[in-house]
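Both of the next two complexes hold subunit A, though its partner changes from subunit B to subunit C.
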Partner chain A sequence: MLGQDAFSRLKKNRWAWNSGILLLALLVIAFMTPVLPLQSPIHGDLQDRRFESPNFRVQRLIQTTDLGFPDDSLRAAFRQYQEQLSALDERVAQADSNTDREALIQERRRMAETLNPLNKLWHHPSATTQLLLRTRLLLFGESCLPSIFGCDDQGRDVLARVFWGSRVSLTVGLVAALVSLLIGVTYGAVAGFAGGWVDSLMMRLVDTLYSIPFIFVVIFLITLLDAEEWKNTLATWNIDRTAIFYVMIGAIYWLTMARVVRGQVLSLKTESFVEAATAIGFPRRRILFLHLLPNTMGVVLVYLTLTIPSVILFEAFLSFLGMGVSPPDVSWGLLVNEGLQVITPIETKWWIAAFPSLVMSVTLLALNFLGDGLRDALDPKLKGR
Partner chain B sequence: MSIVSFLIKRSLWIVATLWLVYTVSFFLMRSVPGGPFSSERNVPPEIERNLKARYNLDLPLWEQYQLNLSEAIRGDLGPSLTLQDYSVNEVIAEGFPVSASLGILAMTFALSVGVTTGVISAVRRYQVWDRSLMTLATLGIAIPNFVLASLLIMTFVFLVPLFPSGGWGSLSHLVLPVIALGSAYAASIARLTRTGMLEVIGQDFITTAKAKGLSERTVLMRHALPCALTPVVSYLGPATAGILTGSLVLEKVFFLPGMGSHFIEAALQRDYPLALGMVLVYTLLLMVLNLIVDFTYAILDPRVELQA
Partner chain C sequence: MWAYVFRRLIYNIPVYLTIIFVVMALLRVNDPVYAFLGKNTTQEDIDRRREEFGLDRPFLTQYGEFLKRLAFFDFSQESWSRRGRKVSDEIAGAVIPTLSLTIPALTLTSLISIFVGMISAFFRGRNLDRGLVFFAVLGMSISFLVYIILGQYFIAYLPQKYFESHDMKETWGSVWFAIQGYEPGLQHWFHYIMLPVLISVIVAMGYDTRFYRAVMVEETGRDYIVTARSKGATQSKIMFVHMLRNALIPIVTRIMITLPFLITGSILLEMYFNIPGMGKTLITAINEKNLPIIETFTSLFAGLFILSNILTDVLYAIVDPRVRLT
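Up next, the complex of A and B:
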C-alpha cells in the first residue's frame, strides 16, 4: 500500500507519525473501554452527585439503592440472576409438552434480557461487550476511577461517557468511511476503466450530486425514517437507526473518492503493465481489480484518512442537532451538546462541555495531521498544500 | 463556450436538480403513513374527509404531485404544519435576512482574515510567525464550529462579558457567531493563500517586477497576490456550502431566528412542507452561489474555460 520510501518519509514527519500512534492507541482504548474500571455511563446518582465538579474521590460502581440489586452489589445481583435463569432452565427440562417448552424458552429469553444486571448499568451491551464487562468485574471488582472529568446534570460520570462515546464516534467514522470507500472506489474505477460515454455519464452524475447540499437532504431523510411507522417496518428487517446512519453518511462521502480513483485509473490504464496483461489475455475485470486497483491504494488511503474526520464531524454535527445517536447511547457530539445546554451565566459547569470537546478536537487534529502527512509522503511535490 | 450558452446550460441543470430533489422528497414524504390530520387529535371521519378534500389529500398520489408541483413552480410552498398562521414562504422570507447576514459576514471574515494571514505567512516563511500561524490554521480546521462556539461563549460572554450570548437585533449579536462560523474557512483560505504566494513568488515576472525597482509592497500586493488567489477562488464553492451547513448549528447555538434554526425545528417536529421548502431554498442558494463562483473564476483567470 505504502511504498518503503513513502513509509520512511512518513516516519520522518514527526507530527504525522505521532498522530498515527495516538490514533492507534485511541482505537485500542475505545475497544477496551468495557474492561477499564470506569463508572457506569448511563446510571448516575441523581441525588448527591449532580454537576459534581472534577475530583479525585474513588467511586463504587453502584451508587444508589434504586437499582434493586440485593445488598447493592453487582456480584450478588449476578448470583440472583443466574439462579433465576437456572430455575427456568430446570422448568424447561421438565416441561411436559412441546408447546409448554416453547413458551418457557420464550420466557427465558425475555427474562435474560430484562433481568440482566448488566443492562441496568450499560445500555444494551452486545455479546462481546458483555464478555469484556465481565472481565472488568473479575479484574477490578466494583471499584471505579474517580470522576476526574466531573459529573453531568444527571450525576453521571463524564469520564465514562467520553470513553463510551468514543466507541460510537470512532465506529461511525470507520464504518461510514469504509462504506464510502467501497462505493467510491468501485464507481471511480469502473468509470475510469470503461472510458468514453460511460465515463462522461457517470462523472456527470457525480457533478450533479456534488451540487446538492446533502446534509439538508440527509436531515430530511432522517426525519422521515424516524416516523414510528417506518421505524417498525425497518425493525422487522432488523435495520436500526445506527445502521441507516452508517450507510447514509457513507453514501454521501463517496463522491471525492470516486473522482480521485477515476483519475488514477485513467492515468494507470495506459501504463505498459496493463498492456502486457491485456496481451497475455487476462479478462478486463481481472485487470481492473487485480492490476489497476492495488496501484491506486496509496491515494485511496490518503483520502480515507481525510474522510474519517469529516465523517466523525458530521456525526457530531447531527448528534449535536439531536438527530444522530439517540440517548441513552452516547457520542461525542451528543456530549458536547449536553455540555452546551447547561452553560449558564450563574454557574459555568465548564467540565461537561470542555472534556468531550477536547478529546474530539485532539482526535480530529490527529486525523488531519496523519492525512496531510500521508499525502506528503506519497507525493512530496504536494507538500504544504 | 460563450457566456450565454454557459448561463443557459447551468440554469437548466439547476432546474433539473431542483425538480429531482422535489420529486424524490415528495414521494418519500408521502410514503410515511399517516397524513397531517391523522395524528394528534381525533377528528370524526366525516370531518377528516372534508379536510382532506379541502387540501386535495383525497386525490390519487400522482395528481397530488402534479398539483403541488405546479404550485411550487408558481412559488407557493404551502402552509406550515407547526407554525400557526405561517406559510412556508413567510417563514423563509423572515429567516432569510438573518441567515444571509450571518453567511455574508462570515465569508467576509474568512476571506479577510484568511488572505491576510496567508500573505504574512508566505512573506515570513519558515519563521516563527509562519509556523505559529500555520499550526493555528491546522487547529482551526480541526476544531468543530460548535466546540469553538462554546469556547467563545464561555470566554466572551461569561468570563469577560463583552457580547450577548444569543439573540438577534444588533451587530454585536453577530460577532461571536460570525467568528465561530468563519474561522475554519479562514484557516483553509490562509493555507491556500500561503501556498499560492510561495509558488508565485518564485516566478520570473516577480523577479522582473523587483528588478524594475518596485517596492516590496507593490510587488506583493499588485503582482503576486492576484495570481496567488486563484486557488482561493476555486475553494469558495465548497466554502459556501460549508458556511450554509455550519449556519444550521450556529443559529441554534446562538438562538438566531434564521432559516437554519427553522429548518432544524421543522425536521424535529416533522413539519414536512416546511422542511422540504427549506431543502429547496438551500439547494437553489448553493447552486446559484456556485454558478457565481465559477463565473468569477473564469473572469479572474482567462485560461479557465467555462464549462457547464
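Up next, the complex of A and C:
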C-alpha cells in the first residue's frame, strides 16, 4: 500500500509523521476509554455540580444517592447484582419443565438489562466495554479524575464526555470512510476496467447521484427512519440510529472515491504489467483485484484520510439539526452543540464548548496534515504544491 | 453549442423524472398524513385529511399531477401547516433572504481566496506560503459551529452590550451586527446579514484557498510562463493576466459547483441566525412533515443541480476555446 520509499519520505515530514502518531495514540485512548479513571458520562450531580467550572477536586464515581445503590458504592451494587444473577441461574438449573426454564431465562435477560448497575452510569455498554469497565473498577476502584474540563448543564463531567464522544466520533469517521471505500473502490475499479458502454453507463449514474442535493436526502431519510414502526423493525435486527448513520454517510461519500479510482484504473490499465498479466493468461477478475487495485491504494489512502474529517464535520452539522447521534450517546459534534446552546445567553460557560471543539479541531488538523503528508510522500513531484 | 445544451437537457429529463419519483415514493413510505397529524388523532380525521390532501388517490396519479404542476411552474398547492399559504408564497418569501446572504458570500469568498491562493502560489515554499497553507488547513479543521459562536459573541454580542450600556443603542446598535434575526429591506442588510456573510466566507476560505493555490501552482510550471518571463513581462502581469486567464477553467468549475448552494442556501447559517431563507424553510417543513413544501423544494433543488452541471460544461467551452462540446 505504502512503499518503503514513500514511508521514509513520510517519516521525514515532521508535521505529518507526528500527526500520524497523535492519531494512533488517539485511537488507542478512545478504545481504552472505559479503563481510564473517568467520571460517568451520563450520570451527573444535578443539585450541586451544574456548570461547575474546571477544577482539580478528586471525584467519586457515584455522586448522588438517587441511584439506589447499597452504600452508594458501585462495587457493592455490582456484587449484589451478580448474586441476584447467580441465584437466578441456580433456579434455571433446577427448573423442572422446559416452559419454566424458558420463563426463567427470559426473566434473567430482563434482569441483566434493568438491574445491571453499569447501565445506570454508562449508556448500554457492549460486552467488551463492560469487561473494560470492570477492569477499570479493579484497577482504580471508584476514584475518578477531577473535572479539569468542568461540568455541563446537567452536572456531568465534560472530560469524560469528551473521551466517550471520541469513541463515537472516530467510529463514525472511520466506518463511514470504510463504507465509502468499499463501495467506491469496487464501483470505480469495475467501471474503469470494463470500459466502453459499461463504463459510461456507470459513470452517468454517478453524475446523476451527484446532482441530488444529498444533504436533504440524508436529513429526510433520518427523519423517515425515526418513525416508530421503522425504529421497532430496525431494533429487532439490532440496528440503531448510529449504525444507520455510518452506512448512510458512507453511501454519500463513495461518489468521489469511485471517480478517483476509475481515473487511476483507466491510466494503469495500459501499463505493461497489466499486459504481462494478460499474456500469462490470468483471469480478468484476478488482474483487476490483485494487480490493478493494490496500485491505486496510495491515492485511495490519501482520499480516505481527507474523507474522515469531512465526515466528522458532517456529523457535527447533523447534531446541530438534532439528527445526529441521539443522547444519551455522545459525540464531539453533539458536545460542541450543547456547549454552544449554553453559551448564547448572558453567562459564558466557555468550558463546555471550548474543550470539545479544541479536541475536535486538533484531531481534524492532524488528519488533514497526515493526508497532505501522505499525498506528498506518494507523489514527490507534488511536494510543495 | 445550443444543440449540445438541448441534447444534454433531453438526456437529463429521464434522470430528473426518476429523482422525483424516488423522492415522492420515499416520502410516502410512512403514512405522511399520520406523521403530520401526530398520534392523538382518530382514523376518521386521518381519512378526511388524506382525502383533502389528495393522498387517497393511486401513487401514479399523484406523481402525474405533481409533474404537471412542475412543468407549468404551478406551485399553488396549500401548505399543510399554515392554512391558506401556498407553496409559491413560501418560495417567494424565502428566496430573497437566501440570495442576499449567499451571493455576497460566494463573491467575497471567491475573490479573496483566488487572491490569497495566487499570493501563496507566487511565494511557493517560502515562509509566507507556509504560513498561509497552515492557516488554510487550520481553518478547514475548525468546526463552523465554533466560528458561528465566536462571531456571534465577539463581533455581535459584546459590541451590542457596549452600545447598550453607553446609550448608543439607537445610533450604533441598530447599524452594527445583530446577534440574530432578519428584516426585509436593503437598509437592514448590514445589520442582519453581514455577520453570516463574513462567517460563511471564513468557513469556505480554508478549502478554497488551498484549491486555488494548487491551481495556480499547476500553472506556474507551464511553458507559457517561461515565455512571458523571457520576453520581459512584469511579474504582476504574468500573475494577473497570463496565469489567471489560463487558470480560469478550474476556477469556473469550482464556482459553478457551489452555484446551486446560492439557492439551497447555507442551512446552518440560516438556522443559527434565524434568517427565513430556503434552507430554514425546508428544514422547518421536514420537521413539521409539511409534504407539499418538501416535495416542491427538493424537486426544484434537484433541477437546479442538473442545470448548473450543464452550465458548467458550457462555460468550459466559453473560457477555453480548445474544449469542444460534443
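Basically, the second predicted complex is superposed on the first by the 381 of 385 C-alpha atoms of A that agree within 3 Å, B and C clash if a C-alpha of one lies under 4 Å from a C-alpha of the other, contacts with A are read in each partner's own complex, and residues count from 1 in each chain.
Here, a contact is a pair of C-beta atoms (placed from the backbone, for glycine too) under 8 Å apart; a residue touches a chain by one contact, two chains touch by 3 or more.
Bear in mind that the values here come from a model prediction, so they are computed numbers and not experimental data.
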Partners on subunit A (subunit B, subunit C) - clash or fit: clash
Partner chain in contact with A:127 - subunit B first, subunit C second, else both or neither: neither
Touched partner set for A:280, first subunit B, second subunit C, both or neither: neither
Partner chain(s) touched by A:93 [first = subunit B, second = subunit C, both, neither]: neither
First, second, both or neither for A:357, with subunit B first and subunit C second: both
First (subunit B), second (subunit C), both or neither touched by A:309: both
Touching partner for A:317 - first (subunit B), second (subunit C), both, neither: both
First, second, both or neither for A:215, with subunit B first and subunit C second: both
Residues on subunit A lying within both footprints (that of subunit B and that of subunit C): 208, 211-213, 215-216, 219-221, 223-224, 227, 229-230, 309, 313, 316-317, 320-321, 336-337, 340, 343, 348, 353, 357, 360-361, 364-365, 367-369, 372, 384-385
Residue ranges of subunit A touching subunit B (in the complex, touch as defined): 208, 211-213, 215-217, 219-224, 227, 229-230, 309, 313, 316-317, 320-323, 336-337, 339-340, 343, 345, 348, 350, 353, 357, 360-361, 364-365, 367-369, 372, 384-385
Residue numbers on subunit B that touch subunit A, as the complex places them: 13, 16-17, 21, 25, 28-29, 31-34, 138-139, 141-144, 146-147, 149-151, 153-154, 157-158, 165, 191-192, 194-195, 198, 241, 244-245, 248-249, 252-253, 263-264, 267-268, 270, 272, 275-276, 278-279, 282-283, 286-287, 290
Interface residues, subunit A side, partner subunit C - complex: 207-208, 210-213, 215-216, 219-221, 223-224, 227, 229-230, 309, 313, 316-317, 320-321, 333, 336-337, 340, 343-344, 348, 353, 357, 360-362, 364-365, 367-369, 372, 384-385
Subunit C to subunit A touching residues, read off their complex: 15, 18-19, 26-27, 29-30, 35, 124-125, 137-138, 140-146, 148-149, 152-153, 214, 217-218, 260, 264, 267-268, 271-272, 282-283, 286-287, 289, 294, 297-298, 301-302, 305-306, 309
